[in-house]
Amino acid sequence: MNTFFVSLLPVLLGLVLAPLLLGVIHRTKAVFAGRHGSPLLQAYSDLAKLLRKGAVYSRTTTWVFRAAPVIGLASVVSVMVLLPITGNSAPLSFVGDLIVFIYVLGLMRFFTVVAALDTGSSFEGMGASREVHFSALAEPAIVVGLVALASATGFLSLSGIFSAMSPTTWVVAGPALALVLAALFIVFLAENSRIPIDDPNTHLELTMIHEVMILDYSGPDLALVLYAAALKLWVLGALIVNVALSPLGLNGIRGVGLFVAGMLVLAVIVGCVESMMARSSFLKVPRLLVTAIALSGIAFMLIVRFTA
Amino acid sequence: MTLLQDTLLVALILTSFGMLVSGRLGAYIRMGALQGVMIGLLPLVVGRATPTLHVVFVAAAMIGLKGLVFPYLLFRALRESDTKREMNPFVGHVPSVFFGILALLGSFWMDARLGFPIHSSAALVIPVAFTTIMIGLFLIVTRRTALSQVIGFLVLENGIYAFGLAIVYEVPILLELGVLMDVFVAVFVMGIAIYHINREFDHIDIDRLNTLRG
Amino acid sequence: MNFLVASLCMFFAGGLACLATTGRPHLTRWVGSSVALIGGALALVPTCMVLGGRVLTGLHLHWSMPFGSIALDMDALSAVFSTPILIIVMLAAVYGTEYLRPFEGKKNLAQSWFFYNLLAGSMLLVVVARNGMLFLLAWEIMSLASFFLVTFENEEESVREAGWIYLVATHIGTAFLLVLFVLLGRDNSTLDFSSFAASPGFAGIAFLLALVGFGTKAGFMPMHVWLPEAHPAAPSHVSAVMSGVMIKTGIYGLVRILTFLGSPPPWWGWLLVSVGAISGILGVLFALAQHDLKRLLAYHSVENMGIITMGLGIGLLGMSYQSPVVAFLGFAGSFLHVMNHALFKSLLFLSAGSVIHGSGTRDIDHMGGLLKRMPVTGLVFLLGSVAICGLPPLNGFVSEFMIYLGSLTSVAGNMRLPIAGIVAALVVAGSLALIGGLAVACFTKAFGIMFLGEARSTHAAHVHESGLAMRLPMAVLAAACIIIGVSGPFWMQLLGPAIAVATGVATDTQIYPTFAAHALWMMTLLAVAGIGLVGLLTFVRSRLLSARSVTREPTWDCGYASSTPRMQYTASSFAEPVTRMFNVFLRTRRRFSAPTTYFPTSSSFSTETRDLFHESLFRPAFTMTHRFLSRIHWLQHGRLNLYILSMIAALLVLLVWKLG
C-alpha cells in the first residue's frame, strides 16, 4: 500500500505545481515586454481569492452549466493518474491507456462546450464552435502521434512507452520522434488555447476561444475551471517533456527533478512563442492543425519503416 | 550516414507538405526552392561513403538550378504577371493535406508490395519518391494559376529524380544534365507562356482557359 | 427452440390480430404493444440461454418451397444480434403506445401495429434463419414492413418520396443478395446454410456481392442514400427500431456470409476498413451540416456503421495475417458497438421523438432552452450524446476502445502485422479519432442548441414533457448505456462465443486477450473514481457556497444592450467552420439575401446540404436509366390482348430455343 502512495506522488506534484506554469509563462512574456510582471505565484492567489467568493449564475443556465466545471476538473485529475513522469511509471497503467487519456480529456471538452452553449450568449457560442472545430483536428494528430510512439517502442501504455524510450530509440528513429514532438507541441498549444491558436490575454470576446467559453463563470466555479485548465496544460505538457527527455535515460528521483525542470523550460518556451508570434487568423488555424496530423502521420510511417 | 539521409528525406517530405498548406505564392515558390536544394543534396548522402566528383558536380548543378535559378525566374514571372499572391486552390488546404497523408500511406504500401531489390540503406528513398511524385501530380491538378502548376511540375520531376537515384547509383552525367536541361527549358518556356497568357488575359487562372475552346 | 418458434408465431399471428382491432384505437394500442412485448420476452429466453453458454439444437423442417426448408437455429452470433433487436422492439413498442396517441382516430393505427410486429418478427427470423430461401423471404418481409412503417404519414409528399427511395434502394440490395445465394447454393440442390461453401475462385465475388447487398441495408457509403430520407419520415419509435437494429441485420448478414467463405485474403479487410472509414468520416460530416434533427441522427447511423465496419475490417485483417488477438479485438469491438449503437441510437431517436412530439418541429434552429421544460428527455439526450461521441464512462467508449486496441496491437509489440495491415490499422485509428472529434462537434451542437440557451421560437417556448410511457423506455436505455460503460470486461467475455463463430475457431481454443480485460477493469476503476470525484467536488462547492451570496442575473452580454434569444448562436453557425473546411464533400448550398439600404427591411439566409451521392451519383444514374427506358415506353400501350400475345410469343420462342 505504501508503494501505491509513493506512486501517487507525481500526481500530487502536478496538482501542486500546475498553476506555477502559468506564472512562468506570464513572467517570460513580461520579461520580453520589458515589464516587471506579476508574481510567479499569482495564479495561486487568484484561485484562493475565487474560492473565497460567492457565485453569480446566469438566469438562462441550467444544471449543465454547474456540472461542467466539476466534471472537467474530475476528468483531468483522473487523467493525471495515467501520466508517467520521466523514468517513473504512473500509478495506473494498462494497455491502451493513451486512448483513455485522450478521450477523458474529450469528455472535459464536451462539457466545457455544452456549458458555454448553456448561457445562450452568441459570444460563448462562437468560442464553443471554434473549440470543437479545432479540437476535432487536434484529436487525430495526438492519437496518431501517440500510436507512432507506441509503434516505436512496442508498448501500448503511456508508462510503457515512456519507460521504453531510450537513447537507442532516438538513434533508430530520431527524425520521426522529432516530428512527433513537433506535432505534440502544436496540439499542446491548440488544446491549451495558447498563441498562435488562441490568445488567452485578449480583451475582445470576438477573438477568443477558451476564455470566451468560460465568460459567465464566477467564484468557486471559475476557480475550478481555471485550475482544470492549468492541470490540462500540465498533463499535455508532460507528454512533450517525457518525449523530449527520453534520450537522457534517467529514472527515479533524478528523473522527477529533471521532469519538473523540463516543465518549467516548456513554460518558458511557450512564453517565448507567445511573445514572438501573433495570433494566427482563425481561418489559418486548421492548416496548422492538419500540419500536426501530417507530421504525426509521416512520423508513424517512418517509424514503421525504421523498426521493420 | 543513414541518420543524415533520413533527416534529409523527412525534410523532403515536409517541403512537399509545406507546399500543400502554403497559402501564398511566394511561400510556395520558396518551399519549392528549398525542396530543390534538398533534392540536390540527396545524391551526396544516399548510399555511398564518399561521393565522387561527378556526383558533386551534378549536385551543385541541381542546387544552383532548382534552388536559385528557377525560383528567380518564377519570382520574376510572379512580379511581371502581377498575379494575386494569395493561392485559392480548387481543393482547400485541409483536404489537400489529407490527400498528402493518403499518398504517403499509399507510397509505403506500394513500396512494400513492389519490393524493389535495392540496398537497404536507401530503402526510405523509394516511398519518399512516390509520395513526392503523387503530391506533384496533385498540385498540378488542383492548383489554380499556371505558375503554381509549373512548381507542381518541378515537384513531380524531383520525385522522379529521387526514384531514379534509389534504383541506379551511377547515372551517366550526360543523361542527368540532359534531364536538367529539359526541365530548365520547360520552366523557361512556361515562364514565357505565363507572361503571354497574362498579357493576353490579365490573369493566369487556368480554369478560365477553357473559354478558349471552340 | 420452442420459445423461439412461439415468439415468431406471436409476432406474425399477433400482428394479424392487430389488424382485427381496426376502428378501436384503445384496443389496438393494447394488443399491438403487448404482442411486441410478449413476443420479445419469449424470444429473449433462448437468446439469454445461448449467451449464457448453452447450445441449442436447431430446427429443420421440410418446406414445399423449392430449395427451401424451415431451418432455424440460434447460435451465439445470432444471439448477439437478436438481443438488441428484441430489447429495442419491446421498449419502442411501449414508447409507441403514447407516441401514436395523437394519430388515434386520424390514421389507421391497426395497420401500423401490424407492420410493426411483422417487422419485429421478420428481423428475428432473419437472424435465426438457416436457409437461403427462408432468409430472403424474411429479408423481404422486413423491407416491406419497414417500407409501410416509413410511409405512415403518406399524405405528405416528402414522406412518399422517402418511402419510394427506400423501396428502390432496398430492392437493389436484395437483387445482389439473390445472386449471392444462388451462387452460394449452386452446387447443391438446397439452400441450407449448413451446406453452403464457396468454391475457391468465387469467394471474392461472393464477398463483394454480400458487401453491396448487405451494405445497402447497413447504410455503407455510397449505398446509404435511403437512410437520411427514410428515418426522418418514419414515426420516431419506428426510426429507433430501424436505425437502432434493423440496419444491423446488414452487418449480421455480412458476418454470416463471411463464415461460409473460408479464410479471408487481406484485401477484404482492407476494403472493409476503407468502406468503414469513408462511411464514418463522411457520415459524421454530413450529420454536422444538417439542421433537421432526425436527418442528423440518420447520418450518425451511417457514421456508426462505419465504425462497426472498421472493427470488422480489423478483425478480418487479424484473420488474414493469423493474429487471433487482433481478430478477437476487432470483432469484439464491432459486435459490442452493434449492441451499443442499438442502445444509444434508439435512445437518441426516442428522445428526438419526444422533442418533436412536444414542439412539433424537427428543425434544431427553432429550438432552444428545452432542458428546463423537458428535464428527463434532456438528461437522456445528453447521456445518449456522450455515449455516441464515444466518450468515457459510457458504453460507446468501451466498444471504440476495443477497436482502438485492435489497431494498436496490430501496429506495435510482438503481435505486429505486416506493413499493409499496419497502414490499415493507422487508417482506423486516425479515422476513429477524427470521427470522435467531429461527433463531439455534432452532438454538442445538437444538445446545446436544442436543450440549452433560450427558446428560439414559439415552438420551443411551449413544449411539454412527454408522459411516462415515453419516458420509461428512454430511462431504461440510458441506464443500459451507463451499465455497459462501467462493466466492459463482462461484455467482452459474453461476446467470446459469437466471435468464435465469426472467426471460425473452436470456442475452447479461442485466444482471449487478458490484457484487454485488464484494461477494461482499470477503466471501470477509473470511471468509478472519476464519478466519486465529481460527487466530492460538487459537495465541496456546495459547502463553499452555502453561506455566501449566490445570485441569478442575465447572461453577460459583453456590453450589448438588450440581446434577444434570436441573437443566440444557431446550429448552422455553430457548425459553419467545419462544414466550410470540408465543403469539397458537403457542397452546402447557401441562399442569402443581404440587407440593403440604411434601414433594411428584410434579409434572409438559409443553407441546405443535400447528399453528395444522392445528387451526383444516383440521381444522374436514375435519370439516365429513365431516359433509356422511356425509349421502350411504347411497349406499354395498355392493350391487354397484345400483352398476352407478347407473352405467348416469348414462351414459344423459349420453347423452340430449348427444343432446338
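Miscellaneous remarks
We just call them A, B and C in the order they show up, numbering each chain from 1.
In this section, a contact is a pair of C-beta atoms (placed from the backbone, for glycine too) under 8 Å apart; a residue touches a chain by one contact, two chains touch by 3 or more.
Nothing here was measured: the structure is a model prediction, and the numbers come from that model.
Farthest from subunit B in terms of Cα centroid separation is C.
Comparing per-chain C-alpha centres with the mean over every protein C-alpha atom, the closest match is chain C. Comparing chain pairs B-C and A-B, the larger number of C-beta contacts belongs to A-B. Each chain gets one centre point, the mean of its Cα atoms, and the points for subunit A and subunit B are 37 Å apart.
With centres set at the average Cα position, the gap from subunit B to subunit C is 46 Å. Across the assembly, subunit C contributes residues 419, 423, 426, 430, 581 that each touch 2 or more other chains. Annotation for subunit B: residues touching 2 or more other chains are 94, 101, 105, 108. Each of residues 137, 286, 293, 297, 301, 304 in subunit A touches at least two other chains.
In the complex of the two chains, the subunit B residues touching subunit A come out as 3, 6-7, 10, 13-14, 17, 20-21, 23, 93-94, 97-98, 100-101, 104-105, 108, 123-124, 127.
On the side of subunit B, the complex with subunit C involves touching residues 91-92, 94-95, 101, 105, 108-109, 112-113. Across the complex, subunit A meets subunit B through its residues 137, 171, 174-176, 179, 284, 286-287, 290-291, 293-295, 297-298, 301-302, 304-306. Interface residues of subunit A facing subunit C in the complex, by the touch rule stated above, are 51, 53-62, 64, 67, 70-71, 73-75, 77-78, 81-82, 92, 94-97, 99-100, 102-104, 106-107, 109-110, 113-114, 116-126, 128-130, 132-133, 135-140, 142-144, 147, 150-151, 153-156, 205, 215-216, 219-221, 224, 282, 286, 293, 297, 300-301, 304, 308.
Residue ranges on subunit C touching subunit A, taken from their complex, read 368-369, 371-372, 382, 385-386, 389-392, 397, 401, 404-405, 407-409, 411-414, 419, 422-423, 426, 429-434, 436-438, 440-441, 443-445, 447-449, 452-454, 515-516, 518-519, 522-523, 525-526, 529-531, 533-534, 537-538, 541, 544-545, 548-558, 563, 565, 567-569, 573-578, 581.
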